[in-house]
Each structure stands twice: as C-alpha cells, then as structure tokens.
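Listed next: structures, encoded as structure tokens.
Each of the two complexes below includes chain A, the first together with chain B, the second together with chain C.
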Partner chain A sequence: MPEMLFEVRDLVTRFRSEGGEIRPSRGVSFHIAAGEVLGLVGESGSGKSVTARASVRLQQPESATIGGELFFRGQDLRKLDAEALRALRAKQIAMVVQDPAAALNPVMTIGDQLFRIHRLHGGSESEARAAALSLLTRMRIAEAESRLSAYPHQLSGGMRQRVLIALALICRPSLLIADEPTTALDVTVEAEILALLDELRRELGMAMLMISHNLSVIGRICDRVAVMYAGRIMEEGPTQALLTSPRHPYTRALLASVPRGTKADGPLPAIPGEPPDLARLPPGCPFQARCPGAEARCTEDQPLRDIAPGRKAACWRAEAA
Partner chain B sequence: MSPPLLTLDGVSRHYATKPSVLGRLLPNQPVVRAVQDVSLSIARTEILGLVGESGSGKSTLGRVALALEPPTAGTVLFNGAPPAADLPGFRRRAQMVFQDPQSSLNRSLTIERILESPLVVHRFGNAAARRARIAQLLETVGLRADMMRRYPHELSGGQRQRVGIARALAIEPAFIVLDEPTSALDVSIQAQVVNLLVELQQRLSLTYLFISHDLRLVRWLCDRIAVMYLGRIVEIGPAEALWNAPRHPYTKALLTAVTAETLVPPEAAGDVPSPIRPPPGCAFHPRCPAAGPRCSRDAPRDVAAGDGVMVACHLHDGGVA
Partner chain C sequence: MANFLLGRAATLALVLFGASVLIFLVVRALPGDPAIAMMTSNATPEEIQAMREAIGLHLPLWQQYFTWVGGAVTGDLGRSFMYSTGVAGLIAERFPVTLHVSLVALAIAMAIAIPAGVLSARYKGGPIDHLFRIVAMIGISMPVFWQGLLSILLFAVILGWLPPGGYQPLSAGIGLSTAHIILPAVALGTAYAATITRMLRSSMLDVLGREHIAVARAHGVPERTIIWTDAFRNALIPTLTAAGFSFGYLLAGAVLTEVIFNLPGMGRLLYESILSRDYPLVQGLVLLNVTLFVLINFGMDALYAILDPRIRR
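And now, the complex of A and B:
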C-alpha cells in the first residue's frame, strides 16, 4: 500500500455573490497516495478549480470560506498558521495553472525566477543554475542557456508553459496541482508537454491532482478520476474502468457527447438543458433535471458511495448500469 | 457538377507588423504571412472544415472568404463573381458566426435589437414584420420567442451562441463562415449547438466553412477537411479519407494528438514557429519526424495522393532526400 499523501474530507467552500450564496464545493472528499495521479474532471462551473485550490487553502475568491478536513502527510492544513502553510506549499506542494502569462513575473528573467525558487530551499548559485538548465533542457526548451536571460514575453505560449512547469518542479515537490495546464496550448504541443510532464513526474515520484475539462487529457495521464458536477463528486474510480464503463448517468452522458464518428451516424447525444444555477440548486441530485433516468427519489440526497471495488458513484441506480 | 459557390484562387493575406520607432526608418518591414497562396473551392450545400492550430491563418482565411479583408494577392469568387461586384448582395448571401458570443453580441442591446439590426440594414419589412421574423428566428435556433426581451448577459453560453447563429441566419444567407463556434462551450452544450448547425444546414440548404482546431469535431461535421499550417493548406480532401489515412505528417500529428488514449511520443516536436519568419522550404520541417534535406530547401507543391486528397509534402512527391 503506497503512503497516503493527501486526504480531503467533506470540503465545503462558500462565498456570497449577487445571486446569493454560492457553494462551489459541497462536501467533496478525495485522497491521493504518494506518486499517484488523480484527475478532477468537470465542465465550467462544476467547482473543480475552486475545490482544488481550497484543498490546499488557497481561497478563490478571497472572501470564500473553507470547511472540512485537509490532511497532508497526516498534518491538518486547517490547523497551520499562515507562515507554516506558506512554508509547506513552497517545499511540498507546487501548482501549474492554465495561463502562464499570468503566473510568471513579467519583469524578471526566466533564470532569476528559477534561481530564486531554488535558493529558497538552500543551495548555492551554481547548483541553482545547473538545476534550472537541466530542467529547461528536459522540458525540450531549445537553447536553454540563452533562455535563462529571456523575459516571459519573449517566449511563445508553449515555451512559457514549459517554463512554468520547470518552475513548479525545480523544488521537487511531492504534490503538483495542475489546473488545466495544457488547455491554452495547441493539441500537438499539448501532446508533447503532457508526455514530458508525466516522464518527470515519474522520476520525481511526485503525486498530482490534475484538473481538466478534457476527458482525453484525463484519460491519458491519470490513475484515478473524480467527476464533478455542481459542486459534488458524482463518480470516482480507476481511469480506464470509469471511462470505458461509466456508472453515473452524468459521466455516461458527458462521455457520449464527445464526437466520435460522423454525422451520418445520427445526431450527437447532447445533454439536454443547462447546468443548474449554483445559487438555486434543487434538493437532491444536481443532475436530476437533465438525467434521462430521473425519478421521484432523485430529489433526495445521493451520497457518494462504494458501488464496486475501487469505484464510487452518487446515484441510486449506479449498480444497475 | 454545379459550379462551386465559393472559389479562392492563389489567395494570400499579409500584414505589416507594427514597426518600432527605429524600425520605421529601416526598409523591409517584417511581414506576417497569415495566409499564403491558398486555392480551394466549396460546392453548394457542402461543409468544408478548416483545421489548424493558433497562428495557422484559418481565421484570416475565413475573413478573406467573406470579403471582410481584401486578399494581398489572388482572387475570391462567389457564384462566379468577385464579392466587390455587388457587395450589398454578397453581404446578404454570406454571413459569419463568431467564436465567442459573449464579445460578439452587443451587451447593451436586447436580443430583439441584436437580431433586428441585420433586418434593418437589409431593409426587411416593417416593424411588425421584423418582430415576427425575430420570433421565428429564435424558434429556428431552439430558443423561446420571449428571449427577445433579454440581454446577452442573462443568457447561458449555449443560448448566446444560438443567438449568434440566429443573427447570421436573419437575412437568409446561402453561405456561413463559422469561426470556432463551439470552442467556448462545454462539450455537452457543444453537442447541442453542433446538432443544430447540421439540422439548419440540411433544412436551409446552407453552405458552411467551418473553422476549428478540433479535428474530431470537424470529422464529425464536415464533408471535406482542409488542414492549415503557418498560412498554407498542407492537405485537403474528403473527411473520411483524411481521418482514416492522413497523408501529411502534420495531419498525422494532429490526429494522433486527439485520438491517443495513452501518452504516446508526440509526432510533432517543439512549438509552432512564428508566421513572421516561417521556416524555409516546408514550414513544418523543424517539427516533422519524417523531414529530410529537401524539406528545408524546397517548398512542397500540391500533389494528388489518391481518394481525392491533395497534399503538399515531399514524401508524396519524389521523397525528402
């Protein structure tokens, strides 16, 4: 049994908006073992991003409150003061976001940004330089040496994302939170960066929480997947099993709506309607209004429960599938 | 066979880059070759997919096809005549749907005003007739007529894109350029909108130029596919021929990137070069796994490669040596 690295129990986030109180995470629980990759998949507004950030106590928006239990290597993150939390995040937990332009410092060279982080962890300047060069080369950044003195705006989008990943990995974190890390990139560049990220992750024995709306990206890189909808995990399980035999009607509908053949095969199986308004959620299952199999009892809460070894779903019909 | 509805012959579109103060004093301003020597035609009621990554020039080509920008070289013919021969008539027959309905719909106008505008411009009936037409248009795109009193921000992303489609249909065009119409939408909503586009195309005998970065979606929707890379069409042919047997290494890389279920070694290395200084010879050669000495020297010509496919690659024209 690999060591349990990160465990989130019953995470609730809430903040006030014009429409009323919004709860992007409504009792979310998941765990990640050391070296494991968990995917958090969902459509816009499902709460996946807020949930992932809140799980390491990064509030978004800042007025949001966080409830639940967050254990990292057995330590309760909610009991840490700001200083201890910052130290832990700097050493053990790194993050890569979708938009590297916003995450990189525009007035510092790539090299200075890499060296600065490396030095936070001790070590000499020449060690920092060697580590930075080796990582940039591993990320297939051509002429890495000269790129160290470049500023972010002098690099292409794909190049900036490679640098951002290098920044996240330079301290050899044990957990990487990757929030749509390749969504802004072209698909051929995405394919290369995903492969490089996975290669480095294996070498470092690093665990990852991968947030994406893209089922194909999730399918390629994750060991397990949790599917979110309206602030809840609807289904969770090993990636291949979940993608090939989804048990929750939402997962099934989501997978079916991806185009696979041609229009001669008939219309795409779309999910009718729209995701619910998070400020006005109906009682019970949030998917009931769009679910082909909804019945009266769907207005009662459906807890995420074990339905088969390693698999969970929040639907009373999950076994029937 | 009926003559094509739209023909592009040797079309290029170049932009001058914004010169720096010093740059203005120098001759030979750098030029962005957004579109370079493109020839293609679209038959009546055909759906042609235009696939490419960012910077490939696909959106520029769409704008040139609609005479929103003049070609730097080459000719555009619509129904056998240049658009300029009868520009008001051309504008009635050729319309556009944009990627992001959030920014392409005027946020200070009601849906009714947004849809009335093209009717007023093209002198459609009196106020009562226009109002009836707007109600009919909303129904055509699957929205309730009372939506006309709403503002864009009160609609969901999918509903806004339906309004964008209704606006394009207002004056009964024959030809529509759709520029990434679903890429801002979640996959379940994308399926609804794509099904609507197919239904409208069949019911109203429309001709589409469908621009997308998503090869899977284009294969589902389109009769033929053109693949663009750095301003040029590298491969064009029947959708199933390209999907089942891609000839150009770039088409292969795109296809692998969207269909791979595991992290396979990417078939295109590195990032997309800038269209200001496209690589010499074949622009794809620095990223191409099959490139040989000839590829950095000679620009490939278009050659027939069977099954109605045209490809611009030395592999299919005497080899890369």
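And now, the complex of A and C:
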C-alpha cells in the first residue's frame, strides 16, 4: 500500500448567488496516494473545479470553504496559516489550469515567470535558469533558450500549455491539481500534452488530481476515477472497472453519451432532463429527476458507500446493476 | 516599436490638421465682429472697415487660414487684438502657471488614487473599500469651484494659513510658490483622484479575477507581489487612459479654478479672449490645447507599448 499523500474529508463550499445559496461541494471526500492519479469527472457546473481548488485552499474567496478536513501528508491544510501554506505551493502542491492564454501573465516574459517561482522557493538565479531550460527542453519546446525571453502572446496555444505545465513542475511538486489542462487545445495537441504530462509525472513520482469532463482523457491517464454530480461524488473506483461496469445510473448515462466515432451508432443518447438548479436541490439523490430507475426511497439521503473492494457508489441499487 | 510610434505620429499630424481647420472655422462662426468689439461705440463704418483691414479680416477665409497656419508652424500665432502683442508670447507667459498647477494636481491625484484604488480592490467590500467609495463619491460630486471656495474660506480667511489666491513662480522660493499653488492644486487633484481611483479599482478587480492571478497564487507568489506586480501593472493600462485624459483637461486650463484662485494661467486667458472676441488668441490657445491633448495621447500610447508587450508589434 503506497503512502497516503492527500485526503479530503467532507469538504463543503458555499457561495451566494442571485438564485440563493449554492454549494458546489456538498460533503466531498476522496484520497490520493503518493504517485497516484485520481480523475474527477463530471459535467460543467457539477462543482469539480471548485472542489479541487478548495481542497488545496486555492478557491477565492477562501471563506467559501465552510467545512471539511484537508490532510496533506497528515497535516490539515485548513489549520495552516498563510505563510506555511505558501511554503507548500509549487514545491509540494502545484496547479495547471484550462486556458493557457489567460493563465500566463501577459506582461511578463516566459523566463521571468518561470524563474521567479523557482527563486521563491529557494535557489539562485542561475539555478532557476538551468531548471527552467532543462524543463522546457524536456517539454519538447524547440529553442528553449530564446523562448525564455518571449511573451505569452508570441507562443501558440499548445506551447503556452507546455509553459504552464513547466511553471507547475519547476519545483518538482508531489501533487499536481490539473484543472482541465487540455480542454482548450485541439485533439492532436491534446494527445501530445497528455502523454507528456503522464511521462513527466512518472519521472517525478508525482500524484495528480485530474479534473475533466472528458472520459477518454480520464481513461487514458487515471488510476482511479471519482464521478461528481451536483456537488457530490456519485461513484468512485479503479478506472478500468468503473468505465467498463459502472454501478451508478449517472455514470452509466455519462458513459452512454460518449461518442464512439462511428456514424452507424445513430444519434448520441443524451441524458434526459436538465442538470439540477444548485440553488434548489431536492432532498436525497440529486440525480433522481433524470434517473430511469428512480424510486420512492431516492428522496432519502444516500451516502457514498462501499459496494465492492475498492469501489464506492451513492445509489440504493448499486449492487443490483 | 519604432513602427508603432511612427504610425501614431502620422495620426497625430492628421488630427492636428483637422483640428486647426475646425478651430479656425468655429472661432469665425462666433457671433460678434472683433473689429467692432475693439472700437469705441461712436466709431464710423469707415473706421471699422479700416480696423478690419488692419487686422486682416477683409481677406478671404482660406487666405486668413493659411496666413494663420503658416505662421503657427513657425511658432508665430499672430497678434492678439486685445493685448496688441504676440499670441505666442502671451501664451508663453501664462503656460508655466497652468503647467505648474497641473503637475502638482496630477501628483496629488496619483498619490491619492494609486493606494486608494489598489487597496479598495484588495479589500473589496470591506470597510476600507466603503470608506474610499464614499470619499470618491464626494470628490466626484462636489464641483471643483465649490471645493475651491470652501478651501479659501477655511485656509485663507478663517485660519489665515495660506494666501487666498495669486501666483508666485518657483523662482520666488519654493515655500512661497507652494503656498500659492497648493489650494488650487488640491482642489483640482482631489477631483481627478476620485475618477482615477474608481477606474483603477475596477480594472484591479478585473485583473485579480483572471486565471494568471490564480496560477501565481497556486505557486506561492506572495500576496503583496500579486497585488503590486502581477495585478497592478496589468490594471495600469486602462487606468492610464483615464489619467491621460485627466491631465489633458488639467492642462487645457481649469478655467473656473484659475478664475477663483486668481491664477494668471491659460484657463483665465481663454475665458477673457472669448469674451473679447480675440480671434488670434482664442485660436492660439485652443490650438495649443489640442496639441497638448494629442501629445499626451501620444505619450500614453508610447507608455502602453512599454507596459504591454502585446501592443509593441
């Protein structure tokens, strides 16, 4: 059993919106072992991005997090002061985000952005330069030396995403929060970046929380998957098992709506109904209104429970499937 | 970068040409004949005609225009009807006063607006933000002349600390000079500080919500650096536009302020020249204002290019 790196228990976040109070995370728990990749999958608005960011105290405003324990190497992140938390950033916990055009400071050169992260966590100018250069080369960026003095707008989208990854990896963190890191890229570049990310991850022995709405991305690089819907984790398990024999009706619906690439399949089945209004959730299972097998007891709360070794689901009928 | 600035310079020349034509025509569209305005009321039509010819008003418009513009490019703006001396000399005498007040006012405005705007954004929704919001609303709503009158009443009349008006150049001693300039500069500066504060606050908030700020935080960049380096430099770009225009207005001569504080600046000169239909003086002053405005904009564009690498191409 590998060492437990990161464990989130009962994370609750809360925002006020025009429609009333919404809770993007409603008691979310998950854990990641050292070197492990956990996928967090769900539709837009399921709360996965807020949950992931709040789990490492990066959600703004921070007061949105109102409950839960966030153990990183046995230490509760919620109990750390700003300085102690900052010391963990980049060195232990780093983040890659979706839109590389917006994620780099437009008025700083690539080099300056990379160097300063390295220097913030100790190290000289020349060490920072060497680390940045070797990482950019490792990221297969041609003419890395001259790219250091380039500004973000002078690079292509794929190039910017590589720089963003380099920024996250320059201090060799042990946990990477990857918030849809390839969503803004076209498919060929996506495949390349994913492969590169996976390769570097293995090299550094780094664990990863991979957020995506794309099941094929998740399937390619995750060890385990947690499926999120309306602020809750509905099902969790090893990637292969979960994708081939889903136990929760929502996971099944999600898998059914993935295109397989042949026209002969006919029209794609969409999940009937609409995602629930987060400000007005019904009691019990949030998926009940769209679930083909909903029954009376679905209005009662159904916590995520063990249904098989390594597998959990939040459905009364998970075993029956 | 050079191309960018060259392009801007060409635009600048075009704008000045257009403005000069417009100024010339608008001044001549003003009702009232300057020749009559310059004469005593019992002047005969022959005398008035002689005066018209003496000051060149009998020539066709295009000829008057080219005489004026031809002189202007060599620095000769013609002779003032009212003062009977060169317009350029008159402006050269008054301009330093306005420049002095404007620069001090701008410095005051920036000294207030930068910390106030940044802190309001940093502590959005908190007591500091609300305090600055209220102060800024007062600053925006209170007319400059009213604030000027109140400050004269308090500091000159009641307390007797400062002179109520007039001007002393820096050569008269920095203390004496500052004592004369401080009230009008504060009156003007606080008004502009209010506008720039609000502008800076909203562009800081915009930048602070961007993903590169979240990424910087995620990698342990200290909050102070995030505010003053990452966010401030990006937020400065739209704010400079507001600040540049403000400075243009300041230089154009805050007419009311100069009248209230009895400052012999360009604003007051413009006011007097319009009243007396002094065509060459009005034209000269307005042309100078337009030129200053355009030059400030040019300076702003150059500054953007330094601040924002995306503009440099």
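A few remarks follow.
Operating definition for what follows: the second predicted complex is superposed on the first by the 308 of 321 C-alpha atoms of A that agree within 3 Å, B and C clash if a C-alpha of one lies under 4 Å from a C-alpha of the other, contacts with A are read in each partner's own complex, and residues count from 1 in each chain.
Keep in mind that, in the parts below, a contact is a pair of C-beta atoms (placed from the backbone, for glycine too) under 8 Å apart; a residue touches a chain by one contact, two chains touch by 3 or more.
Being a predicted model, the structure only gives us computed values, none of them experimental.
In the superposition on chain A, contact is made by A:44 with chain B only, not with chain C.
Touch criterion met: A:164 reaches chain C, while chain B stays clear of it.
Judged by the touch definition given at the top, the superposed model places A:103 against chain C, while chain B stays out of reach.
In the superposed model, A:190 lies in contact with chain B only, and not with chain C. Judged by the touch definition given at the top, the superposed model places A:259 against chain B, while chain C stays out of reach. Once the two complexes are laid over each other on the shared chain, residue contacts for A:271 go to chain B alone; chain C is not touched. When the shared chain is aligned, no partner comes close enough to touch A:311: not chain B, not chain C.
Residues common to the contacts of chain A with chain B and with chain C across the two structures: none.
Every residue of chain A that touches chain B in the complex is listed here, in rising order: 43-44, 140, 142, 156-159, 186-192, 194-195, 198, 213, 215-216, 219-221, 253-254, 257-263, 267-272, 274-275. Contacts from chain A toward chain C in the complex involve residues 53, 56, 58, 60, 82, 86-91, 93-95, 97-99, 102-108, 116-117, 120-121, 151, 153, 164, 167-168, 171, 177. Residues 53-54, 156-159, 186-192, 194-195, 198, 213, 215-217, 219-221, 239-240, 250, 253-254, 256-258, 260-272, 274, 287 of chain B touch chain A in their complex.
Chain C makes touch with chain A in their complex at residues 210-212, 214-223, 230, 233-234, 307-310.
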